[in-house]
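Worksheet: one structure, shown below.
Letters are used for the chains, namely A, B, C, D and E, taken in the order the chains are written, and counting of residues starts over at 1 for each.
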């Protein structure tokens, strides 16, 4: 009898938990859309500036999200550009070259890196910038370059892990095919193994993009500012969407600005969801081990 | 000719692996290096147990450690039952289509940006908590923990589901053939077998809760005091870094955030090695 | 057949993802006898067994039509009737698999597991049942001293007898065995065959086996599967 | 044996993670003949083939001792000598696996792949070689109209012949085949057997096979593996 | 004082980047001025970050930014160390604020000191609702905090119970959200979403600050390292121009004469 009660309780409990989580999240999203849908229009992004003029960089946007969106875009492109070559090369090294001992050590290091709180990486980036400023060049301070490098540290483990997993998942017979035909190790990697892992690596890259677009803690320490206009150079400060949302949430001046915050949240949410679904579509059953990120 | 190409490539891969992995080491080195003057002066241990009162010259991060502990523990208290329940639903209890849909949805939820949780939390949950308990400002440990709990639930649920999936099919078939209902299968076979994997999920989720900055910064109130109840404000290590980074670079305030960095770093390392150890133990058992 | 009929299968068809496995199978099985099912690999023998206790319902993309009636507690019942509880059915129509599949718990708990599922709480009664089942499976003497050891530490033959004991503990009316001896050595096979012969007057046994010798040694009837249908 | 020796294996031992698979194998293989390797499953036949072209070196935890000498370009060479380039070796000692493994590219590109690896750039020459290899493998007539189709759209037998053609395109001196017909139907098997017989005067062929009929049909010599060693 | 060379015309032909950080009270003025300048001359890029007065002084001193704003006068030590040039372009007050729903709209200075010290912790004790007082303060880098602490609380204690927010804007939105909160903001930031609290009978407004009735006042400074040149100089000049003064006024501060 006691067991029956336990079993029934389990069922009720499970449904209840599902309900709570779903209602929690739908409340979150519902509230966001309820509050923010009214602000979703072109002037949210471009303010009073004609969109075309803004996109062609002919005219500046002051009241809209355009500089923040552009800043996020540039930031993501830069970070990914740093992370991809290192990430893929390291993934290849781990999967194809590293001996078991080396691999154990490197694996542990990347595990630690992938579990690192992003604020710690931000702090590292910030103090590194200050360090460079003091000892190297007056021109360097917290800026786009530093932010993108710090962000690339943040997402490097994603790309390493997906590359490594994709390569290691290739069955032995395929691995041996080209080798038996006289391929060198490098030929095998680039002509057979990498082409077969493209989807895995791509999904890792897209996740990394999502991560870069979403992160706030790193950029608030390394160069994102309240107002900067479009980023001009690697050494300039910039605006970014997630930082904008954070900024608005704590210091909106009036309800209009607050509405912008809701709008920005919805835009960011859509952006991330889109990236996420794309990554998922590219590679179904993508492990969330890769998603994990404090 | 070709040999050289091979060698160059291998060296390149090796170098980039070394460069990438040196980041992990470099971060620790930097934290220690920057925090060293203060740690030397006050002693690392002293920093860990003293309060934060910059005007009295005390730069301890004890309140932040306690704040971090409270908020992340409480968020686990929120997230654990939710994740357990949701993973039960997905594993056996819900009908196939529902369970599939739920799983997709939860996977998608892991992609919601953190700042959005914080943003909605401020305007939705904070006033609600304030009026519900008629005490405090609503910016408190409880609010932060609730939002954080919801935030880490998807990750934890997926880890649970994962450890359920790893149970050998034969165990499940055995139970089914003996007339176990879905719930019984879950309670008497799946759950006992998946314990270790689930512990992994909990530890990783804890790591995530401790490492999160935005939710605590936006919702916990950031007061530099050991919270006396869940309705009082508190500051986490991560939020402390974000707040004090503005201070004078040479000041002990600024140095103290590197102590926070070191603590967070060591915690991450602990989580990582614990998880690795557990996975290793699990791998060996099979 | 002169004996009473225990299981009546009518017009049974089965497919995996629209690939037909069994087509219009009609067959009866006699009570208190051992029926051997043979046939080439992949013809659908294991699948057929699973249609009798509805175990296939947990497989993805599987589909079945037709009726299966089994005389349970004295009267014929359609096992696919909505009133039939699938967990009750599986307690009365027990199954043992090709590869022994002890659960990752002690020997005692393995045997007691079906009792626990049935909601039994009386420990003394359970201990008694466990002993009885182990005795029936000729395993008691070998394991009585180590009932708390993990069941996975037993040898293959012992594990298979454990699984049979576990299937017997609820006193089922039908016992389905899917190549229960294929992973065992000669001695273990002999022990299990003897065990089955001894169980025959209490149960109806359906046994899938590839070993023609074995089949002729212990079975009363032979049913051969061939290319989606049955030749008796 | 009266024919010239092509491959000389001396004191070969092999282990996976300290589990010995082959122990002190000594065997020679004659030139321009088909030698069949048989023996129970898991005894190390595939592993043995991989010691001849050093393919095992890509497996984790594998270890080997002993010498293998092959007469390449007219003189005996130790394939494990430091001066021996492993890629050159594999071009001269080609291998075909049990399951056909076309690369995910067009038929033409599959065949041309080893040429590409060897650094060949002349397109006309390559086209000519491709045709030649496909003709040798009795596949040309079947695929000449669809050289740009994905190789994975071919039937199993065609895929296996494609793999043989791909192995032949570099004009190797030794061809290792690991159960090349086990996943094929009777007609395909006959075609491939005929093909191998036709290749025999140009190549030394080593063929792993379980099918005794096949073995007796086409092989000149039979080497049987048994429990870590070889009985010829 | 620098010459009033200019309106926006003076930016003609300039280009390059100007980095500003520091005091958060300054931000609305900075943003508006930057917007005007950048509109007039698209070649100029001005970035504005907060951080607080301490950050402003420090960053300009270290050369990380071109202009570091502060809501307090830089100390002599800071001036000496970094060769700072101080430009005070407005007068501002720091006023205690509560939520408009809060009936308590006047306090004595002692009451306020007690509140911030945590001794008075319920609005009931001040004639309000029976609810705890939620105290909001600023982080340690804040000039607003420094001024309020010195002149408003006479360097009295601020309880560690207090919530910490990172900017004037954040303070305002926190109080606007919390009916039981009390905090302090730059007078320029006070609008209808928060209610100023009269201190010893004087309501903090521009007027009372200007005529000296309200005592917790301060200057808003823009600091440069060494004598400003080029774009930096023109920006500061602009703050002193008639257009600049209008902006300062419109944002609720009193431009210096």
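Quick note on the criterion: contacts are C-beta pairs under 8 Å (C-beta built on N, C-alpha and C of every residue); 3 or more make two chains touch, one makes a residue touch a chain.
Computed from a prediction, not measured in an experiment: that's the story for all the values here.
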| said: Once the contact rule is applied, which chains count as partners of both chain A and chain C? | reply: B
| message | Can you tell me which chain lies farthest from chain D, using the average of the Cα atoms as each chain's centre? | response | E
| task | Using mean C-alpha positions as chain centres, tell me how far chain A is from chain E in Å, no decimals. | result | 35
| message | Suppose each chain is reduced to the average of its Cα coordinates; what separation in Å results between chain D and chain E? | response | 82
| Between chain A and chain D, what's the gap in Å when you average each chain's C-alpha atoms? | 47
| Multi-chain contact residues (two or more partners), chain E | 62, 165-166, 174
| remark: Check: chain D positions touching at least 2 other chains come out as 87
| Per-residue multi-chain contacts in chain A, two or more chains | 130, 184, 250
| message | Can you tell me which positions in chain A touch chain B when the two form their complex? | response | 6-8, 10-11, 13-18, 20-22, 24-25, 27-28, 31-32, 35, 85-87, 89-90, 92-94, 96-98, 105-106, 108-113, 115-124, 126-128, 130, 153, 156, 160, 184-186, 210, 213-214, 216-217, 220-221, 242, 245-246, 248-250, 261, 265, 268-269, 272-273, 275-277, 280, 287-289, 291-294
| chain A - residues contacting chain E, complex | 59-60, 62, 130, 133-134, 138, 141-142, 225-229, 232-233, 236-238, 250-254
| remark: Seen from chain B, its contact residues with chain E in the complex are 51-54, 63, 122-123, 126-127, 130, 134-139, 221-225, 232-233, 235, 243-244, 246-249, 253
| query | Which chain E residues qualify as touching chain A in the complex? | reply | 17, 19, 21, 24, 27-28, 30-31, 34-35, 38-39, 42, 45-50, 59, 62-65, 165-170, 172-174, 191, 193
| query | Across the complex, what residues on chain B touch chain A? | reply | 2, 5-6, 9-10, 12-14, 16-17, 19-21, 23-27, 30-31, 34, 81-86, 88-89, 93-94, 102, 105-120, 122-124, 150, 153-155, 157-159, 162, 181, 183-184, 186-187, 204, 207-214, 218, 238, 241-242, 245, 249, 257-258, 261, 264-265, 268-269, 271-273, 275-276
